[in-house]
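Each of the next two complexes has chain A plus one other chain: chain B in the first, chain C in the second.
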Partner chain A sequence: MRLALLISLAAVTAGAGTALAQQRNAQPYREHVPYIDWKPDVTGDIQHTGTYQYWKDRKALNPDWVASKEHQWQLNWKFMDPSYDDTLHGGHIARDRGAALYKKLDAGGAFAACLGARNGDLKGLRANHYPQYSTALGRVVGLEEMIEHCAARQNVTLENGSYDNSAISVYVTEFSNGMPINIDVSKGPLKDAFERGRERFHLRNGATHFACATCHVTLVGRSLRGQVLTTPYGDAAHWPTYRTKDELQSLHVRFAECNRNAGAQPLRPGSPVYSDIEVFLTALSNGYPVDVPSARD
Partner chain B sequence: MKLPIAVAVVMIAGAAGAGPLPADVLVDEGAKNKTIWPYPQQDSGKLIYKDHRRDLSKWPTLSYGDDRATPRPQRARLTGTLNGDPARGKAVAMNKGRGNCWACHALPGDPQAGTAGPSLLAFKARNYTDARVYEQVFDARVVNPVSAMPPFGTFGLLSEQELRDVVAFLQSIE
Partner chain C sequence: MASPMKIRARMNGDAAQIRILAVHPMETGLRKDGAGKPIPAHYVQTLTVDVAGKRVARYEVGTSVSKNPLFGFRVRGVKAGDKVVASWVDNKGDTRTDEAVIE
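Now for the complex of A and B:
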């Protein structure tokens, strides 16, 4: 019995199936939630929760489900994105502040250029180019990490995850509204980051021994005392978001919140692990249109 | 550099094979419970870090630099009579900051029962031995290696007496 258990446990870890998992053999004992067949495209959800059909068009959400606690999770909370319900909330206030901060930083055009915009044109920058490998920084970064870096070049402090950083991110992201996320994780540094992020998404950690995948895969659609867990597909297209508890939140700050709520030690926004998970989740939003300023409960 | 230098390198006392925690782990030795978390203060370019209500630094993290091992599954043997107190067990099971069993399981009198695990209503009628229930709660991985349920005993989340109390509570659910 004991032996059988050990063997099946080994199979689980091997089931993680990547070179990374094998490299880990020499490393301390850790456990993973078994991988599912992830696709770097939002339609991958059809094989995961099958809810994609209900939220693929933000303008055609079932209004009865929007009002139903039981069904909201199947809409992936897209009714809080602006095209569906564009009520004024803290995200709009942040966007306006972000616009003002951006204009100041970009007075000479250097800020836009540093972010990678051609001729100062921000259209599509977020949807098509972030996260990306930054040659300046020598690593894969999200838009907020780049905003911090480009501001620092002008001696302005805009920490990744801070309100002002996220406000600028909302402003820049808005130029991609309606454009589907489109990042290529089939080769190069983004592929490596995608695979590392996928591995971390399944890695159990913290006091409770949960992985991200425990909640967002194993228990998806189930309720943790009133909080129903949703699919990770299509989750990266509305960030930074305004949380209705009154907090402008970047994706990395959201990860830190999930970690801490789950009884696991949070990491620093901009950390390599969060950046890799961001690549993984952004790829799961490929094909899904950007929409900010959004809100979430 | 986002944190004061003093925060970046922290020793964890007592953990096996422990070196300093990596710099991307949000731990501040001077904070109330070591674990801190980022809060975006409105109209500021700096994060503020708040105290978490609990020290979470003792368990392995997601950081690439964290070389601590996870405790392996452990089959616990219940010794002696159960000697648990159902009322105390209930206070542990139905409490967010303690066992938090109700996050996942339906328990008597909870209007927003969790559905992540099987209902534990009418548990007594299942006629499980105390030893079996104790084993499950101590470390669910010995029953299901990929269980979503936290290993309460192996990870030191509940004391032996608390585990006995929780088992007594479950065994009392009509």
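Now for the complex of A and C:
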């Protein structure tokens, strides 16, 4: 009797062990240390790197710091945004290209309505409404994903991450220039996306075993690959941006590049994981004004 | 038909900062397309800039210059309201002329 009981107990433990192993295989262990209590606001940088005061407004930018290599990262490269810098670059060409494409797509007014603009007014659309939960697509999407979706409804292929897609995004985003980013992540699908994005931000993966936070929290201000790492605050407000090495990049294309550099599998622009990270980073830009077409090295 | 240049000219102290962004593919002729066929050379050869009817700059441009090149310089002896006329000629004989006013 006792022996039978022991055997049955052993069988139960063995069964539990197999189930646990299967669960492990389904979700492999990956290191995840969320070591910052992130607040969805750009002023969180005051506690993080303490550089917010240097780039929060135009008057606070010290011209000596703009010229100094040691201090440029502390201004978070904001002096390369159009409201600080009157130079011309490929972003301006992209904006014109986006304007032409948008006029063609929005000939009947359906494209603007699909993007969520009231009476075709694009002002504040990027700053106040993106990323958002799309009832049409049933998930949280960024502006570029919505442009792809709305163009597809008119039988136009504008793949997320392509030059033309990002160009339209620059054009639409420009209407929000100067308006602070204002997305609400305190409830609903955006809250879930923010939580998932925060987890992804701290999740290590790839050959180098890096999380986003490894470089952009722990190593902020140090050099990596010839560039100085910046904070995640206020950064989402200037995308899509012109980059000297790759004409125009949307935020998701940049994520893919980051993944490649870290030896991780890059995902397609518009994938749910990238959208979650976009929500997280955009929330960290809450209160920081949109500024496009911008340039970064 | 070539795309228009973007020109920005602003007074800064006693000099004007003039920036010209030309939209041009600037093909060197050394690249090959996906099928392995060489892409023919197509690049800007000269760019001239006039301010108020007077020649202030003449660029000799070659294949070493990037796609969509940006030209910038400062010029004294001009004033706000002067007309800036920029014009390029490429190796296929195409030309493009654009105007702007110094702010």
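The criterion applied here is as follows: the second predicted complex is superposed on the first by the 263 of 297 C-alpha atoms of A that agree within 3 Å, B and C clash if a C-alpha of one lies under 4 Å from a C-alpha of the other, contacts with A are read in each partner's own complex, and residues count from 1 in each chain.
Everything below uses one rule, namely that a contact is a pair of C-beta atoms (placed from the backbone, for glycine too) under 8 Å apart; a residue touches a chain by one contact, two chains touch by 3 or more.
Just so it is clear, the structure is predicted and the values come from calculations on it, not from any experiment.
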Clash or fit (per the criteria above) of chain B with chain C on chain A: fit
Partner chain in contact with A:D192 - chain B first, chain C second, else both or neither: neither
Which of chain B and chain C A:Q265 touches, first, second, both or neither: first
Touched partner set for A:L88, first chain B, second chain C, both or neither: second
Residue contacts with chain A in the superposition, chain B compared against chain C: B
First, second, both or neither for A:L158, with chain B first and chain C second: first
Chain B versus chain C as contact partner of A:E31, first or second or both or neither: first
Minimum C-alpha spacing, chains overlaid - chain B and chain C, in Å: 10
Interfacial residue positions of chain B with respect to chain A in the complex: 2-3, 17, 23-27, 35-47, 52, 54, 56-64, 67-70, 72-73, 75, 102-104, 110, 112-116, 141-142, 145-146, 148, 150-151, 155, 157
Contact set on chain C toward chain A in their complex: 3, 6, 8, 10, 19-21, 23, 68, 70, 72
List of chain A residues in touch with chain B within their complex: 2, 5, 8-9, 12, 27-31, 33-34, 97, 151, 156-166, 200, 203-210, 214, 218-219, 222-226, 247-250, 253, 256-257, 259-260, 263-273
Residue ranges of chain A in contact with chain C within the complex: 86-90, 92-93, 96
